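Working notes, beginning with the structure itself.
Here the chain labels run A, B, C and D in written order, and each chain numbers its own residues starting at 1.
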Amino acid sequence: MPSLASTPAADPIDALRAIGREFHGRGWSLGTSSNYSVVVSRDPLELVVTASGKDKSSLGRDDFVRVDAGGRVCDGSDRRSSAETLLHCTIAQLVPSAGAVLHTHSPWGTILSGADLPTGQPVGTLRIAGYEMLKGLEGIATHDTHEDVPIFANTQDMEELSARIRGRFAGLDFAAPGRPPVHGFLIARHGLYTWGRDLAEARRQIEIFEFLFECVARSRTLPAARQHQPQ
Amino acid sequence: MPSLASTPAADPIDALRAIGREFHGRGWSLGTSSNYSVVVSRDPLELVVTASGKDKSSLGRDDFVRVDAGGRVCDGSDRRSSAETLLHCTIAQLVPSAGAVLHTHSPWGTILSGADLPTGQPVGTLRIAGYEMLKGLEGIATHDTHEDVPIFANTQDMEELSARIRGRFAGLDFAAPGRPPVHGFLIARHGLYTWGRDLAEARRQIEIFEFLFECVARSRTLPAARQHQPQ
Amino acid sequence: MPSLASTPAADPIDALRAIGREFHGRGWSLGTSSNYSVVVSRDPLELVVTASGKDKSSLGRDDFVRVDAGGRVCDGSDRRSSAETLLHCTIAQLVPSAGAVLHTHSPWGTILSGADLPTGQPVGTLRIAGYEMLKGLEGIATHDTHEDVPIFANTQDMEELSARIRGRFAGLDFAAPGRPPVHGFLIARHGLYTWGRDLAEARRQIEIFEFLFECVARSRTLPAARQHQPQ
Amino acid sequence: MPSLASTPAADPIDALRAIGREFHGRGWSLGTSSNYSVVVSRDPLELVVTASGKDKSSLGRDDFVRVDAGGRVCDGSDRRSSAETLLHCTIAQLVPSAGAVLHTHSPWGTILSGADLPTGQPVGTLRIAGYEMLKGLEGIATHDTHEDVPIFANTQDMEELSARIRGRFAGLDFAAPGRPPVHGFLIARHGLYTWGRDLAEARRQIEIFEFLFECVARSRTLPAARQHQPQ
């Protein structure tokens, strides 16, 4: 296995540190929440992922670990990777083109993913429809569409959650040309996962999803009775 | 045709790059959304406009193209101009004094332009009335007035949208002295267009409209039953 | 009359320029809105006030004028002072201790000052009660009190508005020791005026009022039916 | 008694000054509100705490005093410590592991702590349940729990409030291993107190509580009738 320093991972680490500073400043990665990864090898699958419990506003070069497809640390260090490492690996396996995976904890994502759940068991989908900004998600070329963002019930059991994600995404073809079947998912009252071919694309999709979450949530607070004066 | 470097357009490009950084930071131009232009020639009409698909937080000097009145690239480059270039050209033609056109995607503009549409077909007008800040729009000298911001249904067909804009603005005299008949328009669930004699004026109007959109939208969330204690 | 450069006004100008940059950044002085002044002489009364129509994010040293008690320019320049100069002079006359007057246009102040007006004629008072942060207003030493912020109907006639302010403040003793009778006022759908013995105190009161406006307005959006679990 | 300069307190002061700048910028410590402390000695108990009435955006090295367990200044200076010093001392006594105490005045904390009080007498508890971000509070390892944040009625009598806090916390074992029984408390329409083994932990908990307050408050503004499309 190549050392971390001799691979492109040397650059991804600085890029992920910049993501941490930015996302903390924008309120999406407070405290030690969130975790980020970059795929540094496809065969065998290996990712560089944030270490467990680090403050995202001041990530150091040592606050990352390299893991294999099963989420096991494979860089010889004794650092612990993020508790949710397995989800990063699961996404990287399900989405062949994924080069980076970002997970954030924003207010709007947290609120929307937990809103109005009839049974206390958050399941289902957040539908985002009709916004021009949907075109910021990879492969979407019109506002006249919708994105159904899966919402998974939260758990601390990553094996179990990983299995649920695999179940729900079974049959989706992420290798097909054009628009991917899904661009991300929410964990209820927890946060957002999205990914991209590279870190820039994943970052852009975080930004786009956050914008859309804010629009959807704020729109719900407007009274339905007030209407435009149509012409 | 003069080269880009030998015209005033050299400066506009740096000014538009600064606009991009600022508007991204203020949440009005996330991802690759938004597009900006400056009129660099009136006879024949030519604009410098952002190239297609660029991240507005980090526009480079090459992320712009020069287009003619029909929106065709005329600087000899093979760059593609923004998909909405034709709207910039249409505005520049309809408003003889326009020296800059700015288009942004803000949460409040997106929300208000799509709020409470009875039929799913966004048409009509957003009326903004009685605010002192209306005086920030060119030619308005009192709060005791209103601005009717046209809202156009969104589309991906710029020829069709351009024709609708021309139809709605037919008969409006943008060359008359004093207050212009319209200072901008919204595209539903999409964003705002405004313009100014120069970039500073267009930027100021973006700022003013954003303020007014926020006030109108937030005011709608306040319960009507709570009232001042009149004296 | 001493020149501007040989008086303490030289420093106030830089202080007011810093206020402009800060308040623009915080969203309280967008576009050319807002105006600020410092009392530079009490006998005779003279103020340095922002010139008319200047962008508050980039005030230059020449964007100020010196005016007398009647709001007339008295520094020999041909600059025009802010349209609302007379209100600054009126406040400086009514409040003997006032060393600085700040006027801002914030979203929350604009929204609250225009909310829920039964007749379309904004009159009355905004009561702010029970907040610890009230102690940030000069002379208030307990949360167990209220501040009644006068709300004046907006107008473009400063002589008329000045007379209304004088009428409402008649009989209030701003020279009495302890808590002043009023710390500021709102103009409906327009903005806030406050003042202080110096610019630092006036700036602090803007900050405090803005906080209180936000708390009052956001509290109104919370449904009354949801309650704490009392213990 | 060792001088301030020869103890670790020299560093805490700069750390607290940085906290002030940061928290002012984030809107949690406006004007002269808020106060912060670090435990610099456990036997006897001594704290360095912000002096009374200082602007938190620009704390100087002299804007702190050293106090004993009773809140009395013990550094030989004639500076006055913050009016709420006694609460810092009470917390440091009740929580043996506390190395730093932070008190902030944020909009969301102020609003939630005073929301929907049936009798005007704010008592009770704010329950925060089911959020992943709860794991940012020391010792919490799952989202599937709740934090009951005590809300105390506000007062200017710190002796009385200190006694109420002691009464409510009587019987809670803050020395037990694992999750502490309480991570902070609110004073109604006033603000938040939290603490940590060191300043970094206390700062992180402020950040986490603020996030949770925002989520709880904003969630209440969403209409309950709108629901996900469950799958």
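Keep this in mind: a contact is a pair of C-beta atoms (placed from the backbone, for glycine too) under 8 Å apart; a residue touches a chain by one contact, two chains touch by 3 or more.
Since we're looking at a predicted model, the values are computed, not measured.
Of all chains in the assembly, none touches chain C and also chain D. Each step here moves to a touching chain, and the least such steps from chain B to chain D number 2. Simply put, chain B must spin 90° to overlay its Cα atoms on chain C, rounded in steps of 5. One inter-chain figure worth recording: chain A and chain B are separated by 32 Å, centre to centre, where each centre is the mean of the chain's CA atoms. Centre to centre, using the average C-alpha position, chain A and chain C are separated by 45 Å. The multi-chain contact residues of chain D, meaning those touching 2 or more other chains, are 221.
Chain A meets chain D in the complex at residues 27, 30-33, 55, 105, 107, 110-111, 114-118, 122-127, 151, 154, 156, 187, 189-191, 217, 220-221. Chain contact summary for the complex, chain C toward chain D: residues 130-133, 135-136, 141-144, 200, 204, 207-208, 211, 214-215, 218-219, 221-231.
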